[in-house]
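Structure, as structure tokens:
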């Protein structure tokens, strides 16, 4: 029920521990950019990180390793290696 | 004119109206027929079938990246003539102005109208201006009507489609619609998003000069987008149209803006593009010729007409599946879910 | 588009489609509970390549669909109060109440602003100091944190002319209720991708404990098909666990910061869900501390009790007990142009998706 897209952080304003200021990032996807709020993001991103954006809020900061793992998992599945998947695919 | 805004007097037909016409409209609109300020324009006889169209323009905001209401009003009506194979001859220009509208904004619009008219070589030969009280309008509504001529031998229609016909789109899709959408407060996005407003009559003339009998129809996919127009063609021809999703030409910024807002480029308006349904035997050459034109430089083949459920538009997806593309039921709106 | 295009690549997706065929050894009847999954499944064409023996049932995952008719009528009444400007997600614009929609109300003069973010509604309050801006809150756990943060921002910056009408809902409890229906008969659950980013994949462990195969998956074609493969394999081997094939977005524990933000502003309440009736602790109300941002308290609009529209089978469709083609008014009296129930209006509603994409597919 939730349209959310990965966008790249270009600029950050505010501080994760300072609630007197706005917590904002400027994010970009293929040349289209917008301000989003960082009030509810799980991990404070760095410039260059990707965040998942829903309704003007970053709801998750992507971790490069997890992104790599995700695409690798799926690529393995596509190349018929079931044993590998059963090892990786448990509770995580 | 000492006032900075439009007054009711400007629409009354008296001296204030004449001042507006003389000092603003005729300053920029240069047709000698228009300058005669007669009740109607009398045109010379020319051979061919008459083509006639009308359109009204109410876009908000009035000015946006890539164009404005003035350009739209000229290009849009030229394009409607061109889609039936018509060579545009002239346009009318009627304005309904809201009392209080800024004269400076009005002049900017008229300058834009004049520029579009001159660069398209289609004169505005007659016009009208009315003023409504504040609150009864929305700054300006524009109507343009157009007259054109089409050769006796040309007979374009959406009903002409045959199985095997190729569908060409003259360039990238959704540019105008997404630009207007993202100018609105509350859903603004920054980026190189701009309207594609453009006149298509030269593109059409070039194709018809070389392949007069090989085009079944031209259609410009304005409101409702490519999806709606293809549905109309499929219904009129009693056939199915099958598209390839991977071939659809969409600019990266337009695609990104649509992903963020939950919109589909297939349903967004285009103001400088046309679909061409053509004989498969000459499709490759027509595509090549289209790409030599300014307006058609990004043209691609996007699908075909086929036997099948009449009025159906299908799209083949990259996974090897397919889905139906239905016509739009209302204005596209951003969604979060 | 990075982190999207890779998952749409047909060179990745086509072999996955073949793998899905191979992986299905026993019949799978799975429920998806995310309207965005419903849309993605149809839009990508996955519906059209589903192998024989795998059936997908759409559950109550569309927040607009499960907004009760009573709430819709209250929304419209609020919009018609003089001095009020309602701000909404676009999804809500054409949803019918018992007497028209917000679109109809706008045509009659109500001020209705479509926004992309609840923060844009707060901006509208700043820019329109003479109006009381009411943000009509719909959505599940993905959306609620942002609405909570907006209320907190309004509180911190002392904005007086802003409030929220909360019909926010939560998914796990009502899912539990659904699972207890003996007529339901599903053996697998495709878990929502972005709700899970907030609540964590661990939220579905109780369902796996009851024998339901559970997979958390994203929305791109490769994500979806991979999710279906894992569900097919779990069912095939008789095991039931929670697998997460969306680790780039979802973790086991979810987003604690977002959860805390929601807890600060909202508290659980019983709420009416279209088609499912009143469900205990299934909705969220604004806490007393933030009462001045609670539209129901600011405006004192009574919530009428409105019975479901006649003939409309939305309730059963949401429970997965029937599909749109079986509804007597589907495609005839109830169409996207003239919807009877929200399942047809919402861009992700089961009936709208079937009408748009599912005919003869």
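Some points to look at:
Order as written gives the chain letters A, B and C; numbering starts at 1 within each chain.
By definition in this document, a residue touches a chain if its C-beta (ideal position, glycine included) is under 8 Å from a C-beta of that chain, and two chains touch if they have at least 3 such contacts.
Predicted model only: the values in this text are computed from it and were never measured.
Ranked by how close its C-alpha mean sits to the mean of all protein C-alpha atoms, the top chain is C. Centroid distances from chain A, each centroid being the mean of CA atoms, peak for B. Computed from the mean C-alpha positions, the centre of chain A lies at a distance of 21 Å from the centre of chain C.
If you average the Cα atoms of chain B and of chain C, the two centres end up 37 Å apart. A separation of 39 Å divides the Cα centre of chain A from that of chain B.
With touch defined as above, residues shared between interfaces to two or more other chains in chain C number as follows: 1, 4, 13, 35-36, 62-63, 89, 116, 120, 139, 143, 348. With touch defined as above, residues shared between interfaces to two or more other chains in chain A number as follows: 1-3, 5, 29-30, 54-55. Residue positions of chain B touching 2 or more other chains, listed in rising order: 252, 255-256, 259-260, 262, 335-337. Within the complex, the chain C residues that touch chain B are 1, 4, 8-10, 13-14, 17, 35-36, 42-49, 62-64, 87, 89-91, 93-94, 103, 113-116, 120-121, 123-124, 127, 139, 143, 221, 225, 336-337, 346-348, 355-361. The part of chain B that touches chain C in the complex is made up of residues 184-187, 246, 252, 255-256, 259-262, 309, 316-324, 326, 329-330, 333-337. Looking at the complex, you find that chain B touches chain A at residues 188-193, 252-253, 255-257, 259-260, 262, 335-337.
On chain A, the positions that touch chain B within their shared complex are 1-3, 5, 7, 29-34, 53-55. Contact residues of chain C toward chain A in the complex are 1-4, 6-7, 12-13, 15-16, 19, 34-36, 61-63, 89, 116-120, 139-140, 142-143, 145-146, 148-149, 152-153, 156, 192-195, 197-198, 201-202, 205, 222-223, 226, 229-230, 233, 241-249, 251-252, 255-258, 261, 348.
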